[in-house]
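Per-chain numbering from 1; labels A, B, C and D assigned in written order.
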């Protein structure tokens, strides 16, 4: 698989008012993303609430995404990592049968791997079960609690995991990130995972990113990439600032569940995030809508 | 169910040299624990590597433990918590069918519940699926990352979870612990979960504890409880110090996996801990044996 | 110096409404503490806002306390530690001239000592400048950020700091604390520093404690010690619970500054805590008074 | 004062083999820095061991630096912040008399300001004592433990501290940093403080930085700025990578004290860092020299 270029959305998992997954909404969701220029979807991750779904639901949504993407230019990466390498192998093999383009593995997040050795061994066991599939490591220490630097990970993994394709890098360690970009002549695909400082990764050489705000503000980031490539830094900075102003609404309204409120603002009712994530009240949603209106950025939001 | 009295072991999951679970060793293991005066087993928790087992393996070991305990005075508590309340409900219902005496739920450890409200709602959904079973909350913030105080948890949960029996309290917050002991006239069963400072919990009113070192040093703690009850504090302190000297070997030899080395020392070959936990080398095991010998505490170790 | 027995108060630094120190209030303050059975004062520590005073003010208050204590049964320990061992030596020598009974040193809290070696070397330099004075180490990692275990500290310091008298232990690591109590036959004086779980330290062998709530609730803790010594544990637990209920008001009303509000409740106007500590508003103080009244513990508060 | 352009070195404090400060080396040190194109010096900060010096030594070094800089194009910023606003006012007024060009204040690091309100009030008191001097806030949460976002700080401080000039920003929060750059039309001077990812700050609009590696590798960063301004990103990235390779030697050889070893490599014997900072052994220094030689970057090091 070639390295990614552009935006990979981390889609939400559509649910009805009872909290049941609605796979039937996925084909339309994927078309919407493609219409807004998204190059891939990273499913079952944090935004997709992979850890909150049941094993059966994860299989179901994986199949719905791969079926919807069939024949389209949108690639599907499915997160299969968990705390048990055995369960992860099952998920990886299922994802392979379902036809994903790549899988991703994260650090086990109950017992944390103490060093790169244990982390790589965990990933190696899962990756070896699907040798034909490209494998990404999903680095998100703020949630997994595993802070092994990715440069150490690559040094340990490069020889041991032949199908390692790269890293989804969701952490603010630009020193580590640049060293990964330069690792062995740049052989790995380093997907940036912090939308709010993507510009600081672009200057280091990032060419693709995975993010939740690409679900609803893809035009903003496409314009930012264009401005950066055209060396129009004042404009690129202004766009990054707008992305930040938008992302500030997440903590203000309770966290990750605010993403589904953004989708509702665009006209997609994907329900709520599952417990233990906190959702905003109906009353808070009204204030949220005013806040989004006040950002005055409709031209930069994805088009339904 | 009455409150527990005494020691509840958190058993290891026996594995062969390939890392496959050996349920056939469980009956003998349980008899050994009973012979050493253990009142219950807390299975599928941290020591039992519940999160590292596959879903199928967890069911298998649960059935092996309940079958082995049938008709015996050893109670079985099985941890069913995870990050998905749906999967946890499946596990809870399976545990109920398998005949456990109680289940335990821990805080979801990827997305952390921000307050007691979300934490209790997660637990309520699982507890409500097995209304006939007593439910314990397993508080181990150092691993789950959820630091909601248990006093807040009880205030929120007391009315909402009718089958809440108590808490397995694995944290050093004695202020919070005492308030839980006193909560509503002492209605909840507060199982202490830090072997290395059990004496400091006994003085507050703890009457039972769950621990991994009760697997191999039950006599030490029985003697400590007897000394405490007899107000022989110098002796109780000396025993607690011996427990500490023994527990210091865990970090020295890499962490939780050292527990299986203690079992091997006693003559039980339960294999290794699964990745991502680090195991000691054969060479380190030799030094470990010398260190245990040097503790000169054979009279306080469990009798095979 | 013999080991301490009983309660050592960590006094507040009296200030007027402009925030200027009022040393003239110290003699009356000390008499009040003595009247309530306090065995010593630990000055210039966290409660005394040592780090927020100017160098000159610290000298001034130290002299006021030693002068007031002259000929009385109340011992004076002055904290002289900071981030510069040179400044700490100056403070230590001044404290010696002023006639303190002991000094205390804490871990430098900007650059944190990476191991016991650096921590002990820092302390050794200061202690060696006042060889006639007993020296306590003040262990309060939540504020200093130095988490070196005290058992490691003692192993490194025991031979190198001949005038080391003991530790003021303000941390919830009872495993480490017990090992320090047992160190070399119990040669060090281990002053407990967490009022809210003093009972859990008493059972391990603590005989003295340093605390801020001993300023205003000394009778409660004297009664708790008596109950414990008489093996009346239900009563001792109830008293510890009352101490906890009282201490819960600190976070509720903003933190450490709540202590001066307790003193005001008793009739001592010691002003506010200095910036950057947050003080409660006049309106909040009204609610605070109601909360204290509701605790219904006047018989356990210090007598003005 | 105009905003800074270029590199501001955070100089080491020269000491002899007994650990005594050698102010007589400062004039030559400053000439060396100026020869290598440094625009200013930020003294008494982390690199300068301000917190480890005695109050008298800080005054002495401040005077030596201002005297040496007199009539030269090198500006002097002196850190005066500590934990006592009273002591900080004394230091600020002394720095003013000594002729510094600006002062800097950091967050108090024993009691941490809970919100921007307390943080700004602390800074306001100090800044108001030297109204003629520009004031920088030194944001280094990893050492102070104060994580108040700087965007919140500016919103609170902008009206209250008229002589606030900007921030020395030593933290990896690029989202917060960009918002500070854009604050009120860019009125504040945002000095970047993490040498290892300066490129990611340049793209956001940073024009100046304060760093310890500018002491010995100023040419590298000058070349990086030139490459960035010329839109030669491959070269800029390569230089940032060399800076990273160099900076990786710091943790490898024990931390901040490695900086003085770099100076020794260039021919400046500035002694060791004071306790509690750990210094490398003579034997480790030999290996360090080999490692620096192996970087093969002599053309990018400062010229003695």
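Everything that follows uses one rule, which is that contacts are C-beta pairs under 8 Å (C-beta built on N, C-alpha and C of every residue); 3 or more make two chains touch, one makes a residue touch a chain.
Listed by chain with UniProt protein names: A, B, C, D = N-acetylneuraminate lyase.
Only a predicted model underlies this, so the values are computations on that prediction, with no experimental measurement involved.
Seen from the C-alpha centroid of subunit D (N-acetylneuraminate lyase), the farthest chain centroid is that of B.
One simple way to say how far apart two chains are is to compare their mean CA positions; for subunit B (N-acetylneuraminate lyase) and subunit D (N-acetylneuraminate lyase) this gives 50 Å.
Subunit B (N-acetylneuraminate lyase) and subunit C (N-acetylneuraminate lyase) have Cα centroids lying 36 Å from one another. The touch graph of the protein chains shown is a ring with every node of degree two. Within the complex formed with subunit C (N-acetylneuraminate lyase), the residues of subunit B (N-acetylneuraminate lyase) that make contact are 172-175, 178-179, 181-182, 196-197, 199-205, 228, 231, 233, 236-237, 240-241, 244, 247. In the complex of the two chains, the subunit A (N-acetylneuraminate lyase) residues touching subunit B (N-acetylneuraminate lyase) come out as 46, 51-55, 57, 83-87, 90, 107-115, 117-119, 121-122, 125, 143-145, 254-256, 274-278.
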